[in-house]
Each structure stands twice: as C-alpha cells, then as structure tokens.
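Right, I'll just put the structure down here and ask away after.
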Amino acid sequence: MPEGKTQYFYSQAVAQALDEELARDENVFLLGEDIGLYGGAFGVTRGLFEKYGSKRMVETPISENSFTGLAVGAAMLGLRPVVEIMFMDFIALALDQLLNSAGKLHYMYDGQVKVPLVLRTPGGAKGGYGPSHSQMLSNLLVGIPGLKIIAPSTPRQVKGMLKAAIRDDNPVIVIENKRLYPLKGEIPEGEYLLPLDKAELVSPGNDMTIISYSAMTPVCLAIKEAVLGVGLDLEVLDLVSLQPLDQESIFTSVRKTGRVLIVEEACKTGGVGAEVAALIAEHCLDALEAPIMRVAAADVPIPSSLELEKYVLPQNDDILHAIKTLRDY
Amino acid sequence: MPEGKTQYFYSQAVAQALDEELARDENVFLLGEDIGLYGGAFGVTRGLFEKYGSKRMVETPISENSFTGLAVGAAMLGLRPVVEIMFMDFIALALDQLLNSAGKLHYMYDGQVKVPLVLRTPGGAKGGYGPSHSQMLSNLLVGIPGLKIIAPSTPRQVKGMLKAAIRDDNPVIVIENKRLYPLKGEIPEGEYLLPLDKAELVSPGNDMTIISYSAMTPVCLAIKEAVLGVGLDLEVLDLVSLQPLDQESIFTSVRKTGRVLIVEEACKTGGVGAEVAALIAEHCLDALEAPIMRVAAADVPIPSSLELEKYVLPQNDDILHAIKTLRDY
Amino acid sequence: MQLDAEKLLSYYERMQLIRLFEEKLAELFTIGLLGGTSHFCIGQEASAVGVLAAARDTDWVVSNHRGHGHLLARGLEPARVMAELLGRSTGYCGGRGGSQHMCSMEHHFLGTNGITGGGIPIGTGAAFALKYKAESDIAIVFFGDGASNQGTFHESLNMASLWGLPVLYVCENNRYGMSMPVERACATASIAARAVAYNIDTAEADGSSLPAVLKASAEAIRLVRSAQKPFLLELHCYRHCGHSKNDPRVYRSRDEESQMLAQDCLKQCEALLLEHGVSSEMIALSQERAKQAIEQAAQTALAAPYADCNYARGGVYA
Amino acid sequence: MQLDAEKLLSYYERMQLIRLFEEKLAELFTIGLLGGTSHFCIGQEASAVGVLAAARDTDWVVSNHRGHGHLLARGLEPARVMAELLGRSTGYCGGRGGSQHMCSMEHHFLGTNGITGGGIPIGTGAAFALKYKAESDIAIVFFGDGASNQGTFHESLNMASLWGLPVLYVCENNRYGMSMPVERACATASIAARAVAYNIDTAEADGSSLPAVLKASAEAIRLVRSAQKPFLLELHCYRHCGHSKNDPRVYRSRDEESQMLAQDCLKQCEALLLEHGVSSEMIALSQERAKQAIEQAAQTALAAPYADCNYARGGVYA
C-alpha cells in the first residue's frame, strides 16, 4: 500500500459511487430497508438521505420479493433503481423476480425492454451472526441467465464497478461483504469506471495460481506474503466478475503456473469455484501439473458460535494446507 | 427392455409410490396446487383425492413460499408432508423456506428437530412451454446444505426413491421431468426402496464415461446404441442423486475410461455438471486422457418457439459432437 | 364514457375478434400446428375490451398468463400475436416469449407473465416510475382471483397505497384458479374485500357486461389518475373454456357452465346492440369482418419464418 | 385468569428476569465477551410473559429475531439461553443457533427465526399438524409490525383461516421495524385491521400492561382452542432499546422515548403490585432474586466449554 495517498473504507467507496451516480443521473434512485436516516444495517448509505431526500432514497416495507419486482417494473420504464437487500441471506425471498423477471425480460421480450437494475447486497460472515445472516450465496445466483454478477474486493474496484453497474443496461448483482466494509484502500482521484467482466491479476507470481473473490482475496494476498518466505511465488487472481467469468484471464494464469487453488467463502458444492474448475478442466487440462483444488466453506449452515464458525468457514490453515499439497504434488 | 413384464409410465410410478406411502403411514399427506380432483398439472396425482380425501390431499391457494413453510412446520411436529410445486420454475418463490428453514433446522437446532419433508417438482422442457415453464433448475438447489436432491430417470428409480424419500428424516427434493412422465419402464413387483445417495451405472462400457441425470439419461442411452455401430463403447452413469453426489461411482467410472462427458438439461454455468467436473479434476486428474466436457442448455432463457427451443436445449448433435471431440483427442 | 351504437359495435367486434382468435388457436392445436400451452379467455372478453377502452393508449398495461384478450384489446395486430404463439420471427417477441411472455412496448404493453402474481409488483413498479417522472399515465395490472393469494399481491398493494402510486389493479375473478374454486382459496367473500388491509378503494362490477365494465373502469381510472393513488377493481367473470389445453373441467358442473354461458358477454352485447338499434345484419357483418381478420391473421402468421440458431442463443444481455 | 398478588409477583419476577438478562448481555457485549448481534426486547417483557402465561405448556411457540423474552417467559433456563448466545456447547443448540435461531423442543419452543416473517408459515404449519393429529394444543406465533408486510403474513393467514387452524398470531407492534415507523411501512392504522382480509377475528391490547396482555391473550387462546380457528392479537408495545447493537436511534425522538419509558411495563407492574398490597420490600426481594439468577446464569454460561471441530462440520443430516 503506497503511503501518503488518501485511503478510504470499502463502505465509503460504495457510498461515493452511489453519491456520484445519484448526482449525475436523476433516474437513479435507491430502494431498500432502512437505507434512509439509519443509513442501512452497515451504515453504507449514511448521509445520502439528507442529501437526496425521500424521492431518491426510497425506504421500503419488509417485502423483499415485491420491492425487487417493483424495481424491475420501474427499470422497464427507464428508471435506474439500485436495490439494497440488507443481508445476502434474504435474497432467496427475491429470487423469483431475479430469475423469472430481471434476468429474462430483455431476452424473452426480444430486446424491447432493458432492465437497468442494480441489486447490492452484503454476503459473508462477520463473526457470530449465525445461519441466516452470514451466507455468501454466490452459488445461488451464478448460472441465472441474464444477470451480471460482480463481487469486488477493494474500495477501488467497488467504486468503479458499482458506477459502471448503475450505468449498465442489464441487471447487475453487486455482492459486497461485511468483512470488507471496514477495510481501507486507495481510490483514484476523479471519476472512473471499471469494466464488469474482467478479472484482476492482483499479484503476479510463477509457482501457483490462487483464484478468489470478495473477502477471500485480501486473505489470499496475505498468504502470498506469508509463503514468500518459503520460496513460493503465488499468483493471485481476483475473479471480481462472477458472471460472466473472465475465462481468458483464468486460462492465461493457469497455463502459466500449471497449478490452481480456488478459494471462496461460499459453500464448496455447486458454486463459482466448481464452475471455474470445470472450465479449466475443459480448456486447460494439458497445462495442469496437479489436481485443481478448492478451499471453501463446509457444506453446512454457518453456526452462530464464533468458535464453531471458524471450523466451517475457510481458514488460513486450510489454504496453506492446500497450497502445500499442490506444491508437493 | 424385456418383453412380457408390465411396463408403467413414469407418472404412474410416482403415483404408485405416493399411494403406497399414503396407505402405509397416516402422517404422510400431500400438499400443493390442484393436486385433488384435477390430479395436478400433469395428472400425476389423479385418483388419490378420491381415495384419501381432503385431509391427506391438501389443495392449497397459490402461495408457494408459505405452503412450503407450512410443510416445514408440520414436519417439525412429526408429519411427513409431500409438497408439489407445479412447475420447477416456481421453486424460486419457495427458496427462502428451503434455504433458510428446511435445510438448516436440523443442524442449527442441534438435532432437536427433523424435517421429513419431500418436495416433488417437474423440471425440464416439454416443448414450447416457454421461459417460465421449462427450466431444469437443479443449479439453484445443489449446494444448499441440508437438502437431499434426487432426479430419477426411470419408473423403477422414481418409485423406489420417492418411497425412500418419504421415509427419510431429511428434506428431499425430488426433481421429476415433464418429458419423463410419459415414458414407460418396468417396475419390480412388491414393495422396494432405493437408496437416495447412489448413482446408477445404467450401461457399462469401456471407451468413455457419459454422466447424466433426469431426462438426459434416456437420451444418452439412445446415443450409446447409435455409436456402437462406429465401434464406440460408452459407459453411461446416471447420477440419480444430485446431492449428495455418489463420488465413488463417478471416480470409478472415470478411472476406468479416462474420458468424461457430462450431459445435463440445466444451463451450463454453475450447475451440477460443474460440480461433477470439479470433483473429477480434483480427485481423478491423473486418470484423465482428455479434457472434461459438458453439454448442457445454453445460458439463456428457454424460448417458447419450438424451433428456437431446440437451439437452446442440448441436442443429440451436440452430444455426438462432444463424443467425437473426446474420442479424437 | 358515452356509449353510442357505433362505439358499442366496435367494442363488440373487438370482443368477437378475441373470441375467434382463440377458437382459431384451438383449431391449430387440434391439427398439431401449435405447440406449448396457452390459456384462453373465452367468456372474459368484455373485461379486457372494457377496461382497455376506458384507458389511454399511453397507460401501461401488465397482464398475466391469460393475456390474449388483453393483447388484442390493446390493439396489437392479431397476425403478429398469432405469429408469436406459433414461434415465428414476425411475432411480437420473435417467438422467444410465446403466449405467457409477450410484450409490445410500442403499445405500452409491459407483458403477459407466466408466474402467477409475478406481474403485480412489476406493474406497481411501472406506476412508481410514472409518478417519479410526474407523468399523467397510469399503470393497469390484470390478474386473477388465484393470484390474490400470492404474497406479491399483499406486498405490492401495501407499497402502492403507502406511496400513492397511480395503478389500477384489475382482478378478473372468474371463480377459479385453475381447478380451485375461489371459496376454497380465498378466505374472504370477494377479492375487493382484501384491499381494506391496504387502505385502497375498490369497486366490483359484472365482468360479463361490457357497459358495466366500461363504467366501472372509466370511474376507477379517473380516480387513479386524478388522485394519484391505487384502486382495485374486481370484475366478476367466467371462462367458458378449460384452464388450459386438455382440461376436462372435473371441478365444476356442466350445469353451472351452461348457466354461465347464458350470460356470456358476447351474447349480452348482441342483445344490447339490438336494443341500440343496430340491425342483425350489421352484427352479422361485424362478425364476418372479425372472422376475416382472424383467417387473414392465421394465414399470415403460418406463412412467417422461424428465427435462426444465433437468434436463439444470443441476445441475453442488452 | 385470576390475578392474585402471588401470581402477579411471579410474573413480575419473570419480566424482571428478562430485563436483567438483556442488561447483562449488554454488559458482556461491551466488555467483548459476546459476539454477533442480537435484538433486545427491553420494554416488551409484559407481552412475552403475559401471552405465555395464558398459554398451556404444551402449546407450541414460534418466535422471531427478538426472542429472548419469549424464550425466558417459556421457562427455558437462563444459563443455557445465555450459553447459546455465548456459543457454548451447553447452550440449547450447542452454539449453532445463537440468538436468532434458538429452539427447545422440550419446551415446545419451535425456534426464534432470523428471517423477518419466516416463522409465520412455520407456526401455521405447526397448527396444521396439531389439527391433523386432533390434538388440543395450539400454535402461538410472535412477530412484529414490520413482519406483517412480508408476503408470508398474507399467505399464511389466508391458509390458517381457510383451514380453521388453531393458531394465535401475536403481533408485537412496537411502532418500528428497525428504523421504519409503522405508519410509513403499513398502509393501515393497525395490524389487526389487516386480518379482515382473511376473515380472522382480532383484538388489540396495551402490551405494556401485563393484566391487559393476560386478559386479551387468555380470551384469544380460549377462542382459538375451542373454535379451532386462527386469531390475531395485536399488542401495542415499545422497545426502549435500539433495534440491535449500536443503534443510535436517529429515527425517533428522545422525547418520545421518555414518554414511553414512563409507561414501561415493569414500572406499571410495580405500581400494580403495590396496589395489590405487595410491599416494596417484597418487590425488592423479587428483584434481587432475579438479579442473582442472572448473575448465576452468566457465570455458569461463561464457564461452559465450546464444542469442537467435528461438531461444527457434522450433523447436517438427520
């Protein structure tokens, strides 16, 4: 991290993006529970209500399915709703409108409509929130046609991508992360946008590719530092975009290192990691010098106890163990 | 197919299982839309209302989320509800209760409760039903901890497994298929149960493993016959159980043939096929003589037009093409 | 809304057009030219035609699975609606949508919808946008008695009321949701009675009487537009046909059906035309025009091509 | 339900126990011994204690995210509830559930629930099972004003009414859903008013008055049990605390809060005890007993061990 430049929290970066887009385009409005004076469960939208008022900052009753559907209808008529689902765990309630409306309308109505909807929601465990407030549910969403899905891991990424998402004419799910909100990072001066379909090679290396996203990326970067000492040079690739996946970047890295570990906070089975592994096994088999490994949450609910939670979520030791296995293969 | 023995439709096999379990255990009841006199959208429950009456055959208002939740509550108190969701596409409406209640309660309440719930639903395209009535949504469900998920492909399988599912103390999703309902097959005489966690080697072979489930299994079996002529001996493995996956059977077959094609009706991205591929790439890499290939539906909504639908769903030609690619690799 | 003979005849002709359109579909099903499934509104034509006659062309319409009447009443071309059902590239959605997923933005028709209750929040969102942009158009959402049991009904009406959204909810209560009689599915005697829970004004009308529909919806639309708040109009109607293809209608009696058929909206409208001094010959001529239009539409649609492979697999993102 | 001094004192002590339990939690949060989040019911103790005092021990209870009061009023051991919150293996769910996911089948307590509105269909399903098995117990479902905006409220009440299910819906209307005032979230003046849409009988009562809660819920429970049909009881109450940890309560005034604090259910109950001739000393003694119980509970809970790794990763299937 370069010294001297201003560092912002991830949550501030989200707020900046929202603020700038609200100011830029009056068709942009926010919709969700307690996003007004309260500022949202994690304080992300704090201050925006005072600035933009109740027309642009629409606080809803607790009706996830219908306010998401309402946003779809509003988007069809040209507004650009930014929906907040307070915890990602609650997205299941809104899934019908995402699956059967938002993702399908542009295609099934033959391009007559666009659904420029953004849905922001924090996934991941914050520590002790328990089974219904801790899940990283990327698995549920990836594979729903018509959705774009991003899971930025840094303040810089989330600001530039959220702004791009709001300007994009498609439904975009922005997976934020409770553990990322209080992390700091540099944000470029002035306005900038980032593409929604590119992975980021956050740290090049030669010996092994670590693929991760959301809050697991900083974890993997720290592990990279840790294993430098034993002479292992990891390449850390942050997926950033979960749908579409940036296959080229993935394949390039795998072809370079020949060894792949995928690290995610979601449950192991049926997730983004599985898709990435399957793509690699289809397109880069010859480059592989070792099995494709995945480290992810155990396939159980996330227990409330802080102690138990640790055994369910991917831990540094799990990652280190997998790295060692791959190295020794 | 052996001659002389009685053949039953897949839909009849489902009905037989329901009938036998309703007769056996009075805690078993059916719950869903239009399952009474109407017999369900596909006639599967026809005749059961006349036999068991309105206490055991509970017709619901159109309230998928809550009647699924109601079934969860009833199951906690010891009943054994068999819920029908009329088309699998509607399961998104009930997903919260599956994700945050049914799948979690036994674990998060520390084993104090069991949720012996069965949810039956037909997935898949029947031809021209369009974007909201044709989806195979296995992708949405696989990876939800605590659920068992099966997708039987024959009358024999579905009868024995549905009966076992009803007796199982966990929530079990039974994915039926509109295209399978009118297919015939033999059913053993007398009562039998089949395990919920085993794949079935439906046709052994030496040259290549084809892994499929639900309505793609008969398609793959037909293709096996077709390519025998060109000297290719396919091994067809029907997953049957999508969660948990029968890893041993998968790995055994892959180690035998060294070549794998996964065929599914769901969208390609993020699905069961990806998980199977990922498991193989982790556990059987050395046995692979060619990339792992997948044939699945395109990642778009399923168009209504019968002509267009063909281009989106996996077709025989796609499968044959993949087989050729694998063979020539 | 004044109802002179000329207007009445034109509404009658549109209702007739809808009826014949679906009878033609039934024919095409039978001879195997039409696949998939669809839901006819035979018996409910007055509701579609009446409500949409009372609306502005620029008001936005959201429909449900039983939408052919709404589509044709809104003025979409029968040939292109038929083409959509036949999966042809000239259909309103190029064959991608079909009966339950058909949209024409040009007609301010935001789509039929295959998810029961799924269109209710979408229409509410359209009203939200109209209010946001301070436009004077309103949203009109059609749904059935069965759909009023979905959570979306409750959640959406609540928001519409809280936020004063200009939306007319039109419940076509045809007594059944598929095979389920409304009495066994809704714990209240009427759907309108439910609106109390959201502080929304309501009216009920005989959905088989075109004048009653016209009157009630003109009044309701006026209120919604001027007061900028939602309204629920319950239209009591009946579908003479089955729920969808191959419905033997075991859940209701032939007696009930013939009683209801006697009150058929088209028959009622014919009687009214005669009262208004329109001759039988003119009525017959009108029927003939509708028939010709449908024959023509079917021919045009059947002659149209299918789109190709690239079209099927592409276009998921804007 | 007769309310003599002795009973009243025992209810008071239970309310006191709940209050002190949560004040202890606040302490543990502050010194970092407690993680996660939880929602206090400070101010709403009379509702939990009153309703459950009127219920049978074998009636089945479903709670929501704000469930400590319901748990303790139901007679769960404070030490084991606290242990659950602290994630210890002696907790009712071995630490897996925590505040929002705690269950004790032994107490016929079907669980707190972290999904707003998620418990409503579950409790309705419990009532379904009770009716199915022809048992005389009923189900009691606690939820808040905010939860009444979820589709599950609408869908579940409709089914309960249609099928005559023995369920008491208890809406603890504390005027806010998180930061959202009920007037901005519900289009009706009361939650009870919504039950009309499902043909369900209702009553409203002052949730800060223990006698009022006792009376209203005894009556409601009697009705539900005897008539085998649902009932909605709306209890008007107030949480003096924030929604959860770290809530600066910007959405309401300190003035409002102090007015409501003056009507605090514990204060009211103390006055009533004095009226009933219970001396200040006896009240003080009761307070002391509750305090000791909580201190003891906290010590026991804090001394308990955590479960191990295998326990965390196993046990997902029965």
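So that you can tell them apart, the chains are marked A, B, C and D in the order they are listed, and the count of residues begins at 1 in each.
Here is the rule we use: a residue touches a chain if its C-beta (ideal position, glycine included) is under 8 Å from a C-beta of that chain, and two chains touch if they have at least 3 such contacts.
The structure displayed is predicted, hence computed values, not measured ones.
Looking at chain B and chain D, the chains in contact with each of them are A, C. Seen from the C-alpha centroid of chain B, the farthest chain centroid is that of D.
Separating the CA-averaged centres of chain A and chain B is a span of 30 Å. Chain A and chain D, compared by their mean Cα positions, are separated by 36 Å. If each chain is reduced to the centroid of its CA atoms, chain A and chain C end up 41 Å from each other.
Shared interface positions of chain B, defined as residues touching 2 or more other chains, are 61, 63, 65-66, 89-90, 93, 96, 100, 104, 107-108, 130-132, 145-146, 299-301, 303-304.
Under the contact definition stated at the top, the residues of chain C that touch 2 or more other chains are 94, 96-97, 101, 114-115, 118, 149-152, 155, 158, 162, 184-186, 315-316.
Chain contact summary for the complex, chain D toward chain C: residues 149-155, 157-158, 161-162, 184-188, 193-200. Contact residues of chain B toward chain A in the complex are 65, 89-90, 92-93, 95-96, 98-100, 103-104, 107-108, 130-132, 137, 139-140, 142-143, 145-146, 243, 266-267, 269-275, 277-278, 280-283, 285, 288, 290-294, 299-301, 303-304. Residue ranges of chain A in contact with chain D, taken from their complex: 33-34, 36-38, 41, 59, 61-66, 89-90, 93, 127-133, 298-301, 303-312. Within the complex formed with chain A, the residues of chain C that make contact are 60, 62, 92-94, 96-97, 101-105, 110-111, 114-115, 118, 120-130, 132-133, 139, 151-152, 155-156, 158-159, 162-163, 315-318.
Chain C contributes residues 35-37, 84, 86-88, 91, 94-101, 113-118, 146-147, 149-151, 177-180, 184-186, 247, 250-251, 306-307, 309, 311-316 to its touches with chain B in the complex.
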